[in-house]
Structures are given as structure tokens and as C-alpha cells.
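Here come two complexes built around chain A, the first alongside chain B, the second alongside chain C.
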Partner chain A sequence: MTDNKISADGPKESSPELTAMTLESQRTVTADSPATRAVVAEPKITEAKSQSKLVRERFLRHKGAMGGMIALALILLLAFSSIGFNIGPLHIPGWWKHTFSEVQATVDGGKPTLSWTGLGEHPFGQDALGRDYFAMTMRGAQISLIIAFIVGIVGTVIGTVVGALAGYYRGKVEAVLMRFTDVIITIPLLVVAAVLSTVVAKAGIVVFAIFLGMLTWTGLARIVRGEFLSLREKEFVEAAKSVGASSARIIFKHILPNTVGVIIVSATLAISGAILLETALGFLGLGVQEPDTSLGKLINENRSAMTVRPWVFLWPGVFIVAIALAVNFIGDGLRDAFDPRQTRNKQ
Partner chain B sequence: MFYFILKRAVTSFFILLAATALMFVLAVNSGDPLHDLAELRNADRESRIAARTEAMHLDQPVYIRYLLWLQEIGRCIIPGGAQCTLGLDRVGNPVIVQLQGAIGSTFRLVVVATVLAIVLGVLVGVVTALRQYSVFDYSITFVAFLLFSMPLFWLSTLLKQYLAISLNTWLADPAMSYLGIVLLGLAAGLIWMIIIGGDRRRRLQVFAVAFVATSGTMLALLLSNWFKTPGFGPFGILVSAFAIALGATALFAGFRRRRVVHATLATAAAGFIGYLLTRGIMEDPSWLTIAGLTVVTVVVSAAIGHFVGGPYAKQARQLTAVVGVLIGFIVFLDALLHAYPSLSRKTGGRPIPTTGSSTPNLEGTFWEVNLDYALYLVLPTIAIMLISFAMYTRYTRASQLDVMTQDYIRTARAKGLSERTVVVKHAFRNAMIPITTLMAFDFAGVLGGAVVTESVFGWNGMGKMFTDGLDYVDPNVIMAFFLVTGVAAVTFNMLADIAYAFLDPRISLN
Partner chain C sequence: MTSTPVYSDTQATETGSPILEVSGLGVDFSVDNEWVMAAEDVHYRVYPGEILAIVGESGSGKSMSSMALLGLLPGNGRSTGSAKLLGKELLGAPQSALRKIRGNDIAMIFQEPMTALNPVLTVGEQVKEIIEQHTDASPAEAKERAIELLRMVEIPDPETRYGNYPHQFSGGQRQRAMIAIAIANDPILLIADEPTTALDVTVQAEVLELLRKLNKRLNSAILLITHDMGVVADLADNVIVMQNGRIVEAASAADLFNAPQQDYTRALLDAVPHLGSKVGGVLAAVEVEDDGSLQISEAPRAVLAASEEAAEPTSSQTPALQLENVAIEYPGRFRQPAFRAVSDVGFTIMPGEVMGLVGESGSGKSTIGRAVTGLLPVAEGSVRINGTDIAGLSPKKMRPLRRKFAIVFQDPAASLNPRMSIGESIGEPLFLHEKLGKTELDKRVEGLLDDVQLPKSFRNRYPHELSGGQRQRVGIARALSLRPSLLVADEPTSALDVSVQARVLALLQDLQREYGFACLFVSHDLAVVEILASHIAVLNKGRMVEQGSTEQILRYPQDPYTRRLLAAAPVPDPAEQAYRREQRTALLAAGGE
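Moving on, here comes the complex of A and B:
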């Protein structure tokens, strides 16, 4: 077994449960990984790579994912630095000259001044009231991004916990949790979110986002449960049990690290899904309420002006697509990095 | 098997019951059903509030109202009882009337879009998997990601504002310069070249054939004024019947088994004769006639397969039945397109409508009415289809790639089977198993997403009913919508589970 040799040469990890750790790393370093081949080919021992390092390298090599990372970073930077943002009562000013609420005289029918030569006075144009549409779009992007991240995090945490408990304990716990998941899945997400948001959205975007997160965990819960069902039968879990590890320790220290790939991928997809859900709700006039705004709400407000002022419809949409696209590419890169089975066998 | 289905059905029922309870509580608490009356300054304000409170049982606690609603549902399930209303809405009309009006248009939309998305998505997904890391694969991957990241309402509005308007203007006066025709041919040539691939010589051949075929067809269509009077005509049907027969044989059976080839060709000939014979009936049929003709088509073509197929009767039967149905579909499409000029005169010459679900008060033949439905379906269907399509291609590609690396595929190749048999028979069938689950999920999702589509395209379907119900805080209306989507979701999930267990023998049913 070359696996054992690799893990022995690998990064020195001093764990109290060495047996379990070694067995665990058998799963992670497979026989035909680049590291193994390197050892066989050269007599000089090359540096063995840990699983996380392999994942990181594969991710960094993935062009789509890197493009997505850069795009998302740029969008975040643009959205938050341009008009500034609030931390509690403190306002951090941005570099853009207009604010999103300041009403001005409409210049040239509010047409966008963005061109190859420069930004101009109102790069994304002005809305019907004469407000600067660039500042408004940036504000919408900020809030949509905040909501998306909160939804992604809340949904991931709940989905992981529910799936882990159901998969590990089985029996009644599983029956109750999975039937509950089935009930939530049955209700179309948009429908329940619409009903909820008429009540919750008035309490502000953070509460609204948390509630949305409490509805979007079902898919992940099913996946994590599946992973747990197969992992709990593995030898390393048995080994951990035999040395007297508690259930909590087995779940969080032994099984969960092995499912982290699935969870991270699912979390990114949940974020792009949340962007689309929030904008769809905003479009129906159901999501974020005044005085807050979001990309979907901006489009909804300007729906009737679509033929006269196409840019007020276009720009928020471009940002929605750009954010969702960037996040989806990152998710795809992560999937390939954690599970390279499909990318390796190039024919 | 029976025990498994029964157990699954009972669980589904209780899941649905719990979901309706949850939904009912949410619907009741989604706002104040009296807010429009509370703002009134009239003298009869109090009496109207009292009347609505009485009608909607607002003075009762939530669980009593839920039980009252369940009672109404019970009346619909148990036959011979009182009238089935699904409850009354806030003005006292039975909700079922509203639902009956809405359900047809929504299902038309969702079913057509889903079927098209599945067919196209699976097809493109398999091709991208077979051409992994080709230019075609990369372009489809990018397009799929783009569509995946696109909000449905945004895409719908773009299609409505840009595609529909320019297409309508073009169809009003269909003309194209020679340069345009050449460019179209070049684009088609490039696309086919990328899809089919191969070495340089083969690429050039494909490019040339596709270029000539596309620009030639376009020229012929323009010269014969096809866009004003579309249809296939008897000659077109004859050609497509034999093309379908040959294509289906090439894909599913190969040309080695002569008897199977003869069977499909005989079906094509029979299909064409059938088309000539039924022209009288097809003047102005009803859906019942169409259904009857479909059954006859299936029976006759399967019989041809059975008797001509010889030793391969089973394979021939399946294949000829498929060929027969496809030819029937072409004939149907031809008749539908023939109604275009007369419909165009009646509706005023903008072929692709952007709002509504059908022309109001349209009177015409079966074909005119259904072509009208079809034209109204074009835009919303494209919008929904594109987004579902993105998902199906990605999942089919992943699934097909997964299967293609399995040991049994290597075995199949090793024992000398043709690549077509390996891909279609051994790999594709198994790659489809996970897709069944996806279909169930997607269908329920699209049904819920109809809320957005209907809002953009001004359809008067279930989505509109739901948003109105939400505006008026009318639980019975919201629940009627949920009843349909919820039952659909639960049923499709159950069917997917059963299909999965049926298709994958590794899953034990007990």
C-alpha cells in the first residue's frame, strides 16, 4: 500500500488519534494522484502534497474559477468602494461624486454617459426622478450581495446540521428530519418566500435574508445525509468509536471534514441561487421593502419605463448576471478541485 | 413493488397534508385581508367589514379555518357529496372556477417548455460529453452557465423587447440580402463543423455541406414566399418521413439488420399514404380525432415493425412506433402551419404576441385556434426552456461522462461493439437514470416559477391567480394554487423515486 507511505512522509500531524488519522488519509490520497506518481518515477523523494494543498492547486489552475474570483472581487470592490457603506451608525464615504438618493436635474433625457473615453457625469444614466443610476445600482448590488451571502451561510449551516444528524443517527431522528425536509421541498421556494417576505421584509434585509436562508437548505441536507450514510460505515469511524470518541467528535472531527467539498460547492451555488431568488422576489415587488433597495427591486421599479429608458432595466440585470455567473464559475472550479474524477481522464 | 408504491403514496399524502397546514398558516399571516376596506371613508364601511369577516371566517382561529378549508377539499375528493368549490374567495365566488380557467394556460406553458428543454438539453448534453474539451463543449458550457445565471424575468423581458419586436417586423416583410444569406450559411457551417469535429478534411467537408444546405434552403424559402405561407407540403412530408426513418435507424439500430431498415422504411411509406388518406379528416378535427389518429398510428406502425422485423421484431416494433409518431407529428405541424395566413389576417399581422395567453374572442378552425395558442407560447416557452435547458445539459453531460469511464463500457468496446451501440445502448440508458430525479425537481420548480413568467408576459394563469391571492390576502386562492403545485411536486417526486428504483436494479425496494 503506497497510501500509508505517503501519509507517513506527508505533513507531520501529531494527533491523539493517530490510527483514525492515518485511515482517514487513505481516503484522501488515492493511488494515482500526482504525488504518488512522482514518488514512483524519481528515486529522490519529492515533497508529498496534502489533500488541501492538492485542492488548492487544482482550484488555482482552473481558469473559469480564477476568472470568476477576479470578477467577483472587482464587483465587490466597485459596489462597496464607489458609494461607501455603513457600519452601524458610521458611514464610510466612497469615491463616487453622487449619492443614490440625491435628486438632480435630468441631463440629456437621463441617457448614460458611459463611453470608451470615460465615465462622464452619469455613467449608467439617471432614473425618472433624476437620481444617479450608477449610485443606485451600486447600492442595489451591495444589498443583493449581502442578502446572498447571508442566505448562503444560513442555508449551508442548517443544511449541513440537518443532513449530518439525519445521516449519522439514522432511525427516528432521520425519519423526522427527512420528512420535515420533504415538507419544505414540496412548497415552491418562490411561493413561500413571497408569502414570508410580505411579513418579514419589513423587519430589514438581514432578517429577511436569514428567513430566506431558513428555506433554502433542503437540497444540501439531502446531499450531506447521503454522504454521512456512506461515511459512517467506513473503518475510520469504527476506529474512532473504538477509542471512545464521542458522537459529536466523530461527526465534526472525522466525518464532516470528508464532506467539506460537497458543502463548499453547494454553498457557492446557494449564493448564486439566492441572488436570483432575491431579484425574482424584488421583481414581483415582494422582497426588500423601502427604504432599502436591491437589484431586483430597481428593475421592478423601472419596468414601465423599459421602452423609454432601456438602461434602467439593463444595468441592474447586467450586475445580477455578472455576480451569479462569477459565483457559478467559482462553484464549478471548486467542484473540479474537490472531485477531479471528470476532468482528469482527458480522452 | 406494490408495497413500496403504497408506502410511498401514504408518506406523500402526509407530507402534503403537513405542507398545506404550513402553507395555510403562512397565507393567513401574510397580511391584513381587510386593509382595503379599512381605508374606506364610506358609511357602509362597518357592514362591509363585517360581511367579509363573515365570508372569510376571519373571526375564527387559524386552525378552525384550516379545518374548514380541509372540509372543502374533502368535498372534492369524496364523490356524491356537496358541491366542490375548493372554498370561496373573498367576494364569495367558488375558487374552482378561477382555477379551471387558469390551470389550462399554465400547464400548456410548463409542459411544452419542459418537454422541449428535456429533449434539447439531453441531446446537447450527450454531444458535449462525447466531445469533451472541444470548442463546442466549451461554448455550450459557457452558454449554459450564462443562462443558469440569468434571472428568468430579465431574460423574458429581453426576449420580449428585442427578439419579438424585430422578429415581428421581419416576418411582416420577410426579405434578406444575398450577403445575409451567405453569412447565415457561414454561421451554420461553422456551428456544424464544431459539433461534428474530426480531422481537417472532414471538418471542411462538413462545413461545405452545411453552408450549401443552409443558404440553399434559406434562398428557396425566401423565393417560394415560405415565410408568408409556411408549411411542408406533400413533398416536404415525403422527404421528412424518409429522413426520420433513416435517422432513427442510424441512431438506434444501425444498418446491419436489414429487416429493421426495411421495417422503418415501410413505416415511412405507410405514414405518407396515411397522410394522403386522412387529409379530409384533418380539415377541421377535434383533439379527440387527433388522439384517435395517434393511437391508430402507433398500432399500425408497431404492426409493420412486428411483421417486417422478422427475427428482430421487438427492436423493429419499438423503432417503427417511434418513427410513426414522429411522422404524425410532422403532419400535425404541417396542418398547423397551413393555418398561418388565415390566422394572420384575423389577428392583424404581428405573428409573435408579447402579452396574454391567446387572442380574445378568436373564432376559427381547430388549426387556427391552436396555432394562435402556439404563437402566444413562443416567447414564454423560449424563456423557460432556455433556463431549464442549461440545467439539463450540465447534468446530462456530467452523468454521461461518469458512465463513459465505467468498466462495463470498456468491456463493451473490447468485445467489438460499434461506438454507436456503446454510446446509445450501454452508456446513454444508464446516464439517464439520475436525470429522472432531476426532471421531477425541475417540473415542480418551473410550475412555481410560472409566477414570474406570467407576470412578465401578462398571462392569466395560476401565477397571476396566486399573486392576486397574495395581494388580497385570500388564503383559499393561495391554497388552490398551492394544491396544484404541491400535488404536482409530491406526485412527480414519488414517480421519480419509483422510476429510479425501477431503472436501477441496485436499489432494493424493500
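Moving on, here comes the complex of A and C:
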């Protein structure tokens, strides 16, 4: 029903001729115009679909996003089931025979045993100390994923709320919030991290990730504020006001869905960015502490071994790229799903 | 008015060879790798001094077929057939050749004069530039010529205005400057694409008058592209009617309006609201004597009495809307004082009545519509809705009152949330005020879709999937969802094609009868207001000029501004329009009185 060949996004186009053209071409191409088709379909009672249901349907139709979802799910499954994980004091064991901290004798110079015939003893090889590199990569992927998602979520939520409030209410609220944003921007992230991370990192990676998230929301806040400033003047916002919608409803139901595109793009970038930020902090000896590890830390620790033992470099890199790509594809799909104009089904 | 020797003052004649000969012209667009027809098999000829109008609704291909002549199609378009300018083929000519023709032999006047002028160059420089580009005049000569042109398009004090920037010009003056640029190099053909659509009626009348004068003086042909039958009746010699990319009918203006041959033309003409159709003629009180002087007769007593009763109802009923000495201000920024958009306005609408609020842009009519629905604060005076004064109420106290009134906005595309389905948009007021359950809400939304004659399956569609008329129906359904006692309609049909406008207006009338709400109908179009409203209030520059019954305002206007406004509105009838032009000239000559 919704697959009109030509999107009638006329209002976006600047010239009235073009708009006219789009509408006109729509009329000629789809000989059965929406009206007549709808009349034909009338006997079936059309069930009202909620916005979330429509979004979900469109998301599930998006091939790229589904691919990203599957890839990410597989990575998560592999990372958490293989070596197990801790919930508080409780350790849930995995199916892999080695742990990431156990030091063993080096077999065959630590070369990977992964081949077409099977996994072997150390599929990803061993590091200089003889630890199983597969287990280490899995542990690194766990930590990096947790950090990336917490930073992404915390940063996006704070940035969106600050930007939305500043853009919608304007006046004093805007002045205070935006000056506060400016202050956060002026603080060099690495210096704060250096001062606080030894304290924070001891409290665990979750606290560390939340702390990073609280420093990386500023860009998004500015973008969202800009979007709100232009959207709050739109007539549909006035229409909502005229029927007595509350400010919260206007912000969250009317304006926010229209800014979802930029928020999601920015969130996916934040997630990839968080992995890199954690890497940079790890390089300075801040952030994730020994004996725990993360993907960035693995790369940094072994960067001198690049020419001799490339696998210690390769495997964490593959996972970083795979995670970042998967997240970006999902973000793409979400943005399209939230935008009702994206119904061409060309993917 | 002096003229340079290049212009001839001789009257145009329709003999000789045509300036432009278009035959078998077709325009296609590539959409998703398919060729979609925008216009096909278009034939016409334009002779020197002729004004040929191409009319049609949006999507009829009228603009695109003309853009194709100049090689100005968008990147995904192509044109076929033949178009000869003085025997030279235009289609398929190289861009360098076309560039010489554009602005020299053929000139264009665009719809939006603000965007067509460069804001960082003075108007004079922009006129001068086009002269320098196409002739080898020295800068001093070009400047002199530019001033001459500005004088020709009747811009007062052209020497001073030469150095002014576009933002210092009014809308009408900007369009005059655009015309000056267009005629700078004595084009033999002037293509005017909706030249007056963005202008107020009184300004539109002036620009049309100017085009008529220039056409006679320069003997150049004008190709007028428009959707407005009134403009066609006012200006055109011959008319081509287009629909869906094809020519439906071609005839002289007189024949077309008096005896349309095709069904589509007839339907189109019927859909155009004709000023004076309900009250039987407009400006009946204004007679033009043979010598051009004015004779204004008194309105009959009965009409005046009825009108006075309308303005000040004496019945004991509570009015649906009552404004008293209302002033509305836009707050100033920094040290600028607040801008008073409306001052000292008062009127009353009784339950079930429709009041038309008429004025030109900047008159404050939309501002009043917004203040009445609580979207703008009222600076002074009182706004009573069903007896409750809403001026100065806090948003919280206002909220329960909001179900008593609703607003339909001008632009249906902008007033619907693009991320919400139609069903959600319509159901929102119900959801907010009646806290209905899902099934009950669904049922009400279905009922409302039925009421505005949209299929129920539309509820899951998004605004961009609907046409303009359908979107406006959704806007109306949303406004009526709570059965308000007062509906404010802010130019609800001005963004729509005439045939769609006619249907939406009919729908509004039906619903008004069925639901019985009072309606404040804000519009710049007197003909539309006449159809719906029983009373009219006329605004000018934020002040109420006149109010009374529709008959009194249209037939026996008391105020000179109302008279000028009425005389400026074109009607789709060349003979009547010619008489109205005389009335207008006489009224202007009589001055403000």
C-alpha cells in the first residue's frame, strides 16, 4: 500500500515546478492513484497501526540493518558465551577451554592454529606471555562492547535532553544549558580522564564508561538544539499547541521523532568513537587496567609485533571494524525506519 | 514618461509571422530509470503583441513546457518536438546559443521576486548587469538605461532607488524591478511564470496594469503561465488550457470564458469562485461616468440596517466569539520596541455563524486567528469564547478550554507532523482531552475520516503520501474531532488548486451545517469569503476598516480601502473585468477621499 514509486516529498523541493512535476508524475505512473486503490481496499477494515509498530515493520524490512543486527548478535553471542562472564561475584562459565589470564607454554611460536579443518589448540594464536589470544580477544570484545554502548547511550541521552530543552524553551534555560555545554567542551577530555580514571577505573568499567559518556555529549547537544530551534517554529507544533498538548508531549512526541535522524547518526558515531577513545586512554595507561583487557588495549600492547606476529594485531582489529560496521548499519536502518518518507523499498 | 528610440509606441498587430511556433513539444522526466511524461503534443503560436495565457492546475505541465523552450529543464528532463523562435529552432540548440537568447530575445519573470533578486547587489546594479552582458554599452550608458527602465516600470524616484537593495523595495516594487530586468534588452518574447501569485490583490492589479501597458508599448509578446483565471481574464488575448500534460482547449479569451467547449474547461471555470456571485455583483454603489469620474450612491436602508444588526447582535445568546478593543504585539528583541501587529479590533460571532476576516498580507488577519486560539498572547482588550475571557489565562487554565475551539492552518503540508500517521494526528486531540481507550479512539477516528470523505485505510498513511487537498481534509478532521463551538480557518484553501479548493470549501460548508460550529474564516480572497461567510470584517494594517453583512461589504462598501480592495480582485470574465478595471482606475484617481 505504501510503496508509491515516487516519493512525493514535494515540500522539500524549492521550486514549485518541480513539486508539480513530482505530483504529476506520480499521477501518471501509478495509474491507480492512492484514492482509488484505497477505495478498492475499503472492505477490509484497516487496523490502526501505532507509530512504534510501523517503525518496527520498516526496520525489519531493511536488509542492511538486519545484516548488521545479525552480525552484532553473533559477535555478542561469541564474546559472551565463549569465555563466560561475571555478574557481580558470580562467574558464568563459557565453552572455551582457556581463560584470558592463564599463562601457558608457547606452542609453535604462538602461531594461530585456526584452519579450514578446525579450531585447534589456540585458534587466534598466543601472545608474548603465552596467553590464549582467542580468549583475550573475546574478553576485549566484551569490555569494548560494554564501554561503547554505555558511552553511546549515556552521551546520546544527555546530549538529546540538554539540546531539546535548550532548543525548545529558549531564553534563560537555553543560556544556562548552552553555557554549561561550552564549559564541558573547553575541558580537555584526556586531562580529566587522566586525573579521574585511576579513581574511577578501580570502581569498574561500567562506572568508567558512564564517566566517559558524561564528557562526550556536547556535540550532539548543539546539533539537537539547532534542530529544535527550527522545528519549534513549524506549523505542526503550533497545531499541537492549539489542541492543548503539553510541553513534554510536544518535545517527545512531536519534535523528537523529527530529529531522530541526526540523533541516531550521532549515536552510532559516538559508539564507534567510544571504542577509539577507550583505545587512546588505554594507550596512556589509563582506562581499563591489567589484567583485564579491551580491544584497543590489545592492539596497543602488541603494536610493536606488527611485522613479526601480525595475528596479534589482526584479530582485535577485525572485531573493532566488525562492531563499528554493524552498529553503523543498524543506525542507518533505524534512521530510515523512523523516516516515513523512506518507503521506496529499494534496499 | 520619456522613452528611448528603440521602443516603438505603435499598437501591436496580430499579422505577420509568429514570434514563437511550438509544435509537438513533449517533456519527459526520468524517474527511477523510467521516462515519465510531463507534457506532450503541445502546439501553439505566439504573434507579436499577443498575450497568450497557459492555464492549468499544478502538474498540468504548463511551467515545464515553457521551461523546455529556454533549455532550463532540470537535469533529469528531456524535451522532444520543435519550438521555433523567429524560425530558429530552440530545442536541441547548444547551451551557448541558448544563453544568448535567454535574457535577450526571450526574458523570464519569476513568481517569487524576493528570491529571484540577489540580496547583496543593489537593484540598479542588477538591471545594469543584464544590459552590460548582452550589449556593448559603456557602464555610464548602461546605468542611464537602467534608470530609464526603472522609470518605465513606474518605480518612483528611480535615480535614488537605483542604489537601493532588494529588501528596501516592497513586494510589488521588487516584481517591477524583475520586469525591468526582463525587458532590459527589448525581448521579443516575455515569459511570465505566475508573475503575481506571491503578491497582494491591489499590488497584483498594479503589476498586471504595468504588463498590459508594456505589452502595448513594446509590441513584444507575453507568454503568461498562471493558475488564476482572474488574471487570465484580465490580461490575456488567447488562452490555452492544459491538463495532465496535454492541451485541452485553445481559444480566444472571450470565447473561452463565454462558451467553453471542453468539459474540463467548464469544470475548471465553475470551480473558480466568482466575486459577486452570491450577492449579485460587487461595488454596485460605484458608478463610473463617461468622463471617468466617480458616482458613489448610498446603500439602501434595508441593507444597512441588516448589516448593523449583524455587527452588533442584540439577542441574549452568548456569542461564540467576542473581541473587544483587542491589541496584539510581537515582543521586541534587545532594545527594539515591541511591534504592534493589531490594535483596537472588535467583532462578534454568534453561534453557528461564519465571519470572514479579510485583508492583505501584513494586515494582521492571521495574527488575530492565532490570538483567538491562544497561540499568541493578547496585549490589550478581551477575547471571549462562549463568554469566557481567554486573554491572560495561564496555559493550565487554558487547556480545558481548548476543546471549545480549533484551528485549521493554511499550509496542510506544514501543519501535520510528518512523523505521525494520519490516524494519530486526527486522534491526538481526542486522546489528550477525552482519554479514550484504543478501540473507542479508533472508532472516532474512523468516523471523522468518513466525515471528511477520506477512506478509512488512510489512517496508517503519512502526510507526504497524500495530496494537498487530502491533507487539508485531515487538518479539518483534526480540528473538528472535539466538536468545537468555534473553528478558526486560517486561509485553509489558499495553497490548493482551484478544483480542489472548490471541493474543500463545499466540504467545509457541509460540515458547518452538520456540526453547527461558528467559524472565523481568515482569507485574502474575497470571492472565497463570499461563498462561506454571512459577515465580513475588513482589516488594513492592523486596524479594522469596516465590518458588516457580506452583501453590504461587497455591494455597498463604505470605506475607500474596501472599495480599492474589491476593485483590485480580478474576476474570471473578460467583459466584467474590463469594467472593473475602469472602476479601479477611477477609484485610484479619486484618491483616498
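Rule of thumb we're sticking to: the second predicted complex is superposed on the first by the 215 of 347 C-alpha atoms of A that agree within 3 Å, B and C clash if a C-alpha of one lies under 4 Å from a C-alpha of the other, contacts with A are read in each partner's own complex, and residues count from 1 in each chain.
Criterion: contacts are C-beta pairs under 8 Å (C-beta built on N, C-alpha and C of every residue); 3 or more make two chains touch, one makes a residue touch a chain.
All values derive from a computational prediction rather than experimental measurement.
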Touch check for A:Thr279: first (chain B), second (chain C), both, or neither? first
Given the touch rule stated above, what does A:Phe236 touch, chain B (first), chain C (second), both, or neither? second
In the overlay, answer first, second, both or neither for which of chain B and chain C A:Ile185 touches. first
First, second, both or neither for A:Pro257, with chain B first and chain C second: second
Report for A:Thr216: first if it touches chain B alone, second if chain C alone, otherwise both or neither. neither
Chain A residues touched by each partner, larger count belonging to chain B or chain C: C
So, A:Leu54: does it touch chain B (first), chain C (second), both, or neither? second
Under the contact rule defined above, give the chain A residues that sit at the interface with chain B and also at the interface with chain C. 341
Which residues, counting only chain B, touch chain A once they are in their complex? 11, 14-16, 18-19, 22-23, 26-27, 29-31, 132-133, 145-146, 148-154, 157-158, 161, 398, 401-402, 405, 444-445, 447-449, 451-452, 455, 466-467, 470, 478, 481-482, 485-486, 489-490, 493
Given the complex with chain B, which residues does chain A contribute to the contact? 179, 182-183, 185-192, 194-196, 198-199, 272, 276, 279-280, 283-284, 286, 296, 299, 303, 306-307, 310, 313, 317, 320-321, 324-325, 327-329, 332, 341-342, 345-347
Given the complex, residues on chain C that touch chain A span 29, 31-32, 34, 36-38, 58-61, 63-64, 67, 74, 111, 193-194, 244-245, 370, 373-375, 398-399, 402-403, 406-407, 409-411, 413-421, 423-424, 428-429, 432-433, 438, 442, 445, 455-462, 464-467, 470, 475, 478, 482
Listed in rising order, chain A residues that touch chain C in their complex are 1-2, 4-11, 16-21, 23-25, 27-29, 34-35, 38-39, 41-42, 44-46, 48-51, 54, 234-236, 238-245, 249, 253-254, 257-258, 260, 338-341, 343
